[in-house]
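Below, subunit A partners subunit B and then partners subunit C, in two separate complexes.
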Partner chain A sequence: MSHLIVFLAIAVLFVIVLLVWALRTEISGASKGAVAKGSNIAERPPLRALAERIFAARDWEFVSAQTEPAIQRTFLQERRNVALSWLRQIRKQAAELMGFHRRAVRGNIELKPGMEMRLVANYLAFLFLCGILHVLIRLRGPFQTRKMADYAIGVSDRLRALSGQLLAGADPVLLSRVNAARTDKSS
Partner chain B sequence: MFSSNMGAHIKRVEVEEAIQDIQNRTLAGISGDVGRLICLASTRDYNTGKYHHEGLASNFSEEVAGAALAACHLEVFRQLTLSSLEDLAGQLERYVLSSCAHPTEVIEAWEKLEPYRVTIPMECDPLSAEIFFSNIRIALAILRSRREHGPQDLQSS
Partner chain C sequence: MLAELLWGTGTTLEGLLLARSVKGRIFTAYPIFYVYLAYIFLESFVGFYVYLFQAAHYVNFYWCAQFLSVALGYGVILEIFRQALRHYPGAARMARSVLVIIFCLAFSKVLFGALSSSVWSLARTTAELERSLRVVQGALLVTIVGLLAYYAIPVGRNLKGMIVGYGFFIGASAVSLTLRLHFGDSFQPVWQYLPAATYYVTLIIWCSTLWSYRPSPLPKPEVGIERDYELLAAHTTRLLTQVRASLLRAVRP
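Entry: the complex of A and B
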């Protein structure tokens, strides 16, 4: 039993160290647009702007001051559903980005294993955050989870930037081919 | 290559001019973004999703007029989607009061028939549409409640 506890403690410590290492990655500004150019991410919904609306405490302050309890309950339920949709969307975008990255680096002999590891660790941290956020939105509603949503957006931006940094030197023809294949598949 | 770039640039300039025209003439006379959204959505064919405006098409071209109307529609929709619930409720109230019908009738029809569902632009993403529909539903409930109780009653209760 004590062996199991020690093993679990080491595993948790390892995960924490991995996440801290991954999340402290400095991203160069020049590479931030690389993936957006290659993967059409820029055409997606403005998730940051929408998050500011969905998680805005101002809306709840207005509803709680101006309306009766029945409308307040309906509003909380509606906003919770919208926040969960937003969360699904941000996860979907990250998964698409990782899929795009995987296809783009497949067969690339100039892989940077350290950076790729950071990308994977960031993605795992992102999925972990999304899981916690999902539970918190269900339990406490969207207005108590604003900071965490901001943090999830930050990690998602970091993912994009890391992938951009890794693909900055990749052949643009290959990137557009991968992107075209992805677009054909999704349409 | 050069001529196709030049052609795209000219078209973009024309679309910009057409947008200015819509903003200065058509939309300037409408008070509130909800009214503007409905006006722009009504210039679209339900079956094809294409926009048509007689005057604009005669000043520019059918294609330029359609692109300009689509751009204005998307812009007004974005503004409404990203505005606070308080602002949206205010805009909706202004629209309801500007209608010829009795406000209670308008609110009831909007709650039952949900005509706002056909006012979203074709290019909008599903999440923005979901936020917009949700906020309109809540804004309608607030307006109905205001008409039944009055804002003062609600604040004191």
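Entry: the complex of A and C
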């Protein structure tokens, strides 16, 4: 009987997935939105200054030495919120990068499925780490989770490097155009 | 009486869909799908004739016809794949690899299940086989839909209707076959009407979405946008790597 229920649940879920997909897919303006979103990534300012302040131990050293416990708690709470916001931003950037990559390669016949699957696996690993970091920051605060933040960024860098290889291998003509554009900009 | 009513309405809807496809020249756009529909249309008439005048052979006819219908259903999946990804060779290449893996895994499981089955009867074995083949179709369809969503590929009204209609049909068939196999003859009163009723819903979905030709939107034909987009992607990747490197320097002590 339980086998029957599981089978029926899967069948119902299957139909629901199809219906949700059909209702959510918007034909008009999809690619325009994608292009606009993608172009925003390139123009965003770096998060370096923000990251430096969030994880800097000297702020906490000062607050813990000079202030009362109530203020320390408030400080930790606020810093935790900022750290979580920073993490969300990193995750959003990775998601946009992936979306960007998918749209860029979907029409390219040179796409390598094995490479794509590795990229997806890396991205999922990155999301998993972001999830762990989110929990750790929420539970222990940003100062205790610094090592984990380093590791998460390391994985994210691997993801980016792989994506870069994919795009570079996608179209040699395009690559030469990119290089030409960069040279023009720098000169 | 209800069976005749469902048969009559279903066949009328099929006839309407086929007539519209000829009138609106949709037939040429989705040939495999309409071959499938034409087969179902003809099978309905032959089946009704056998039911009325050769009742003793109806069970054999029914399961053989069902098996052929399932086989042609794979043509519908192929049509969906072909139509959805024909302008996206990269995504199509990815889809081919994933679908081959899914098909091999699912089909070998089905084959193993069929070979290891101890009890044999035409109705039961064919029903089990049909259900398993429907499950494989469902797996293939959900994979295609997943890839369409993953690569953000826009799909037109015709194709969307084809996917949702056929998906609903697969899901409903698998459910009714499972119930039939589980409850046996006690399910027969419902079994008489359930497949026809669910197929009726499928036909309504198809009629509402395939009434006129609504193809999937083409990717922008002008080379500029496509290449600029890719150029932007490569550029952004490089910029993001730089941003991330500076971020790394900031976060690491």
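Assume the second predicted complex is superposed on the first by the 120 of 187 C-alpha atoms of A that agree within 3 Å, B and C clash if a C-alpha of one lies under 4 Å from a C-alpha of the other, contacts with A are read in each partner's own complex, and residues count from 1 in each chain.
By definition in this document, contacts are C-beta pairs under 8 Å (C-beta built on N, C-alpha and C of every residue); 3 or more make two chains touch, one makes a residue touch a chain.
Just so it is clear, the model here is predicted, and its values are computed rather than measured.
**Student:** Of subunit B and subunit C, which one contacts the greater number of residues in subunit A?
**Tutor:** Counting residues of subunit A touched by each partner, the higher count goes to C.
**Student:** Using the touch definition from the top, say if A:4 reaches subunit B (first), subunit C (second), both or neither.
**Tutor:** second
**Student:** Touching A:17 in the superposition: subunit B (first), subunit C (second), both, neither?
**Tutor:** second
**Student:** Intersection of subunit A residues contacting subunit B with those contacting subunit C?
**Tutor:** In subunit A, positions 44, 47, 49, 52 sit in both the subunit B and subunit C interfaces.
**Student:** How about subunit C: which of its residues touch subunit A in the complex?
**Tutor:** 87-91, 93-94, 97-98, 138, 141-142, 145, 148-156, 160, 163-164, 167-168, 170-172, 174-175, 178-179, 182, 217, 219-220, 225-227, 229-253
**Student:** In the complex of these two chains, what residues of subunit B are touching subunit A?
**Tutor:** Within the complex, subunit B touches subunit A at residues 81-82, 84-86, 89, 125, 127-128, 130-131, 134, 137-138, 141-142, 145, 149, 151, 154-155, 157.
**Student:** Quick one: which bits of subunit A touch subunit B in the complex? Just the residue numbers, please.
**Tutor:** 44-45, 47, 49-50, 52-54, 56, 58-59, 62-63, 65-68, 71, 74-75, 78-79, 81-82, 85-86, 89
**Student:** Inside the complex, what are the residues of subunit A that reach subunit C?
**Tutor:** Listed in rising order, the residues of subunit A that touch subunit C are 4, 7-8, 11-12, 14-15, 17-19, 21-22, 25, 27, 30-31, 34-35, 38-39, 41-42, 44, 46-49, 51-52, 55, 93, 97, 99-111, 113, 116, 146, 149-150, 153, 156-157, 160-161, 163-164, 167-168, 170-171, 174-175, 177-178, 181-182.
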